[in-house]
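Each of the next two complexes has chain A plus one other chain: chain B in the first, chain C in the second.
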Partner chain A sequence: MSRPGAASSHVVYGVLGGGLIGYWSVAYLDGGNGIQEERWNGTLEQIFATPTRLWVILLGKITGGLLFGLLAFLPTAAIAYLGFHAVLPNLDPGRFAISLGILTFSFFCIALTLTPLFALWRWAFSMLNGFELGVYILCGFMFPVAVLAPWAQGVAALLAPTWAVRALYASTLSGGPRDFVVWWLATIGLSLAYLAGAYFLYALVERKARISGQLALA
Partner chain B sequence: MKRLALEAAVFGRSTYLQYVALFQWANPQGYVAYKVLLPVTQILFFVELGVYATGPQNALYFALGNALQLTANAGIFGVIATVANERQYGTLPILLASPANRMVTFLSRAIVNVIDGIATVVVGLAIVVVLFGLNLQHANLLLLAICVVVISLTTAGLGLMFGSIGLVMRDAIIIANIVYYLLLIVCGINFPVSRLPGAVQVLSFALPLTRGVQAARDAAAGASLGQVSGLLAGELLVGLSWALAGYLLFRLLENWARRGGLQEAY
Partner chain C sequence: MAAQPAIEARQLRKTYTTTRGIFRRERVERAALRGVDLKIAPGELFGLLGPNGAGKTTMVKIFTTLLLPSSGSALVLGLDAVKEQWALRKRIGFVFGGERGLYWRLSGIDNLRYFADLYRIPPDVSRRRISELLERLDLSGRERDRVELYSRGMKQRLHLARGLLNDPEVLFLDEPTIGLDPVGARELRVIVRELADAGKTVFLTTHYMFEADAICDRIAVIRDGAIVAEGTPSSIKTVVRDQGIVEFEVVGMPVERLAGLRRLPGVTSVAISEHELAQVVTVHCARPAEVMTQLGVILDGINLEKVSSREPTLEDAYVQLIGDSQ
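On to the complex of A and B.
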């Protein structure tokens, strides 16, 4: 993607795409993986029995994962620059920073929403792990969503990171659409909708866990 | 004869227990869904990426390569987890205290994953046929099946090696991730090995999949066994070498742990 003469959009996807993938992989699964570890180590019941709310406990796990995931941009940018002399000549630092911040917020909301599923189903990790690459496709991490089939673009439009990623890439290119405010608002709106769904999901998980009493076996 | 039957019983029992341990997360619906979801997403991602970067003429190359590489999901992640989890779940001292034949118990760690790897590749190939129109009318299907079995065995051989290393690491899944993606890059899955720098090509041919995937591509194009026998023999040799190295490392670490009374810190 960074060969001499490649389209500038190809180079940008090559430089940032690896970082996005690394960031998403950690942000998306780390909180859930933490819950899975609690299950295998026999401490999941204590987490549910403690007076601290489940979402507060998960908040710490997810925030740690997000901070760690951000580091994924460092080695990918370094390899792109040192190995392939790839740079981002048209970078708009302000819009890039805002887009990355909003993308982080969307990752945070998705992780917070999905993590209780790991407490409900022991197979949730493998299932969501299997879908990890699906998000790379639908959210346009390594290539534009526009290359996908129309129905897939429709699904992609419902995913909050799609819009933030679009803004992120647009902030590194000189041409093309530049509807940053619309993309940012779409990301924030969808993320808040996920959080609203998460509120009910947490209540459901806590109730089901207490009724069944089978957390470790779920 | 009686001794052989006893060893076979240990192998069978150990294999069954590996199955129970490895798929402790699964129920039948979850397993089947996972077996479809992962191949679909991996193949689609790399095909879309490859087509975006190089054009639509190479789509089938990416699709077939990734369908075959899917065996590493079981052969690398599965085998490394199966071996290294003995340490994580505190069962390693029990295993080390057992009088069972070490070679038998060691190799039994791979069997379920080899079967799982074959199943994953079959699903992957079906997806390539349905979604990307892979034409198998002129393919040597029996040879293709042999290639799938061979690459599943050899990839599990590499997994045994890194599983042994995982016995002395706290988080073996990191190794599994690195090895899995390394195979995607250097084994001719998404671009020919000849495009890599010379030193990296040496690494490619020291790893499983490189020759096996090429043999499978040839078989899908209609090659005969004679035409790919060299590739398959090389692939088997590489896989066997990694498995043997893994076994020797396993024994070395075991002796070291025994001498120092370090089973728990192993």
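On to the complex of A and C.
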């Protein structure tokens, strides 16, 4: 690895990558696990039948997950930072903070969109890990998206965190493209598109759940 | 029934559709409700009786907006349970039997606070109501303990407290006393009766005939998704009005001997159940005295014990109505 004071991109990926994986993992899994736990507790039907919309209930759960995820990110990044004896001389704190905030928003939108699927389809829970790992690779948590195959880069471009992660890394490195506003807007735009899809998805899930009765364990 | 019914079902049907197989997927349909018509007056304590799989829980879930019917209509307080679920959910409460349905790692009071928020009850109202419910359901003093430390009876009372948080006009109770010890079950029945006396409409499903007989104003018996009898407990008993019941215990009786009993004049049904090593035989018949005199002849050589004759109960009427599906 590089000597302290001269962090190269692979050191930065090492420092931040672990934290990002921890953040995404907790934020994303918390929603899916939360729904599964509600089903096992027998409380999924109870909360579904209250006058509060399912998305509002999940919003609270997902926000809690994001908070725990953020708590996972900071110490993981700190440990990696200290472990590598690395410093980030080119860190732009302002852009880093904005990128992290926008990344958080994208995680929130993905979790809010995907979580109702776990309420409806029990088999969706078994896909949980696959999607979690896919995002690590496709969104460039551990290495730049540019090293992926062209088709994978195409898929990555449709995932909102890809652009926020790119901005996050760029805010710690000198040189290379610096299109922060474009990346931030791409993240926000894609996240809002997910939310628009979620609007219809929630209506579908609520109707399907009432037809199939799949909110109960048995 | 002049006033608008509190609960009404019109030709209510529900068919569950599932698929099986991976490559050649096959649709499997199972009818849970087959055109149920029902009217329940405001303030009535109505009991729905039926064996497992008869459609009791499906009906409760449709009325509580958790399920959509395949056809027909379900109205509660004049609101359509299919289309007006948001308005309806504020005005009804429900309790499902069993220990699940609570957050075990939270305290009892935190469970109630959480659901009070989901029912959008203003904080000052919820504080007062939670305190009243804890007191009324004998949970005061233990409300800050985690639910995992509660006895089954306490959990069920907490369920009921949750179901009453929004002060519902109609309360649905799906087998609320299941698994409770006799004292706990009796306490819960007293509370349910008090709720009905206070003006709440209560829709109760149960397996226990004596429970329905003791507290319900009116009952219906459901079998294979259809109502087969409806009325007051005493009117339901008229199904077996002209009958008496002869019961006796035997050990190791060959089943073919039952055929002789069934052939006796006036015998309408013969049921047999295991009780430890013995078999308990229940004979529904028009003339119990004649059956008792014939018993010695038909069961010659078999040791008869505890032979008795009694008046029919609601359970006997239920068994008669449910017949072989039980």
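Everything below uses one rule, namely that the second predicted complex is superposed on the first by the 208 of 218 C-alpha atoms of A that agree within 3 Å, B and C clash if a C-alpha of one lies under 4 Å from a C-alpha of the other, contacts with A are read in each partner's own complex, and residues count from 1 in each chain.
Assume a residue touches a chain if its C-beta (ideal position, glycine included) is under 8 Å from a C-beta of that chain, and two chains touch if they have at least 3 such contacts.
What you see is a predicted model; the values in this text were computed from it and never measured.
When both complexes are overlaid on chain A, the residue A:Y136 reaches chain B alone and has no touch with chain C.
In the overlay built on the shared chain, the residue A:H10 is in contact with chain B alone; chain C does not reach it. In the superposition on chain A, contact is made by A:M127 with chain B only, not with chain C.
In the superposed model, A:G175 lies in contact with neither chain B nor chain C.
Residue contacts after overlaying the shared chain place A:V147 against chain B, while chain C stays out of touching range.
Those residues of chain A that touch chain C in the shared complex are 41-43, 45-52, 57, 207, 210-213, 215, 217.
Listing the residues of chain B that touch chain A in their complex gives 24-27, 30-31, 33-34, 37-38, 40-42, 44-45, 48-49, 51-53, 89.
Note for the complex: chain A touches chain B at residues 1, 10, 13, 40, 121-123, 125-127, 129-134, 136-137, 142-144, 147-148.
Per the touch definition, chain C reaches chain A in the complex via residues 16, 58, 61, 64-68, 86, 89-90, 94, 96, 98, 100-104, 115, 117-120, 162.
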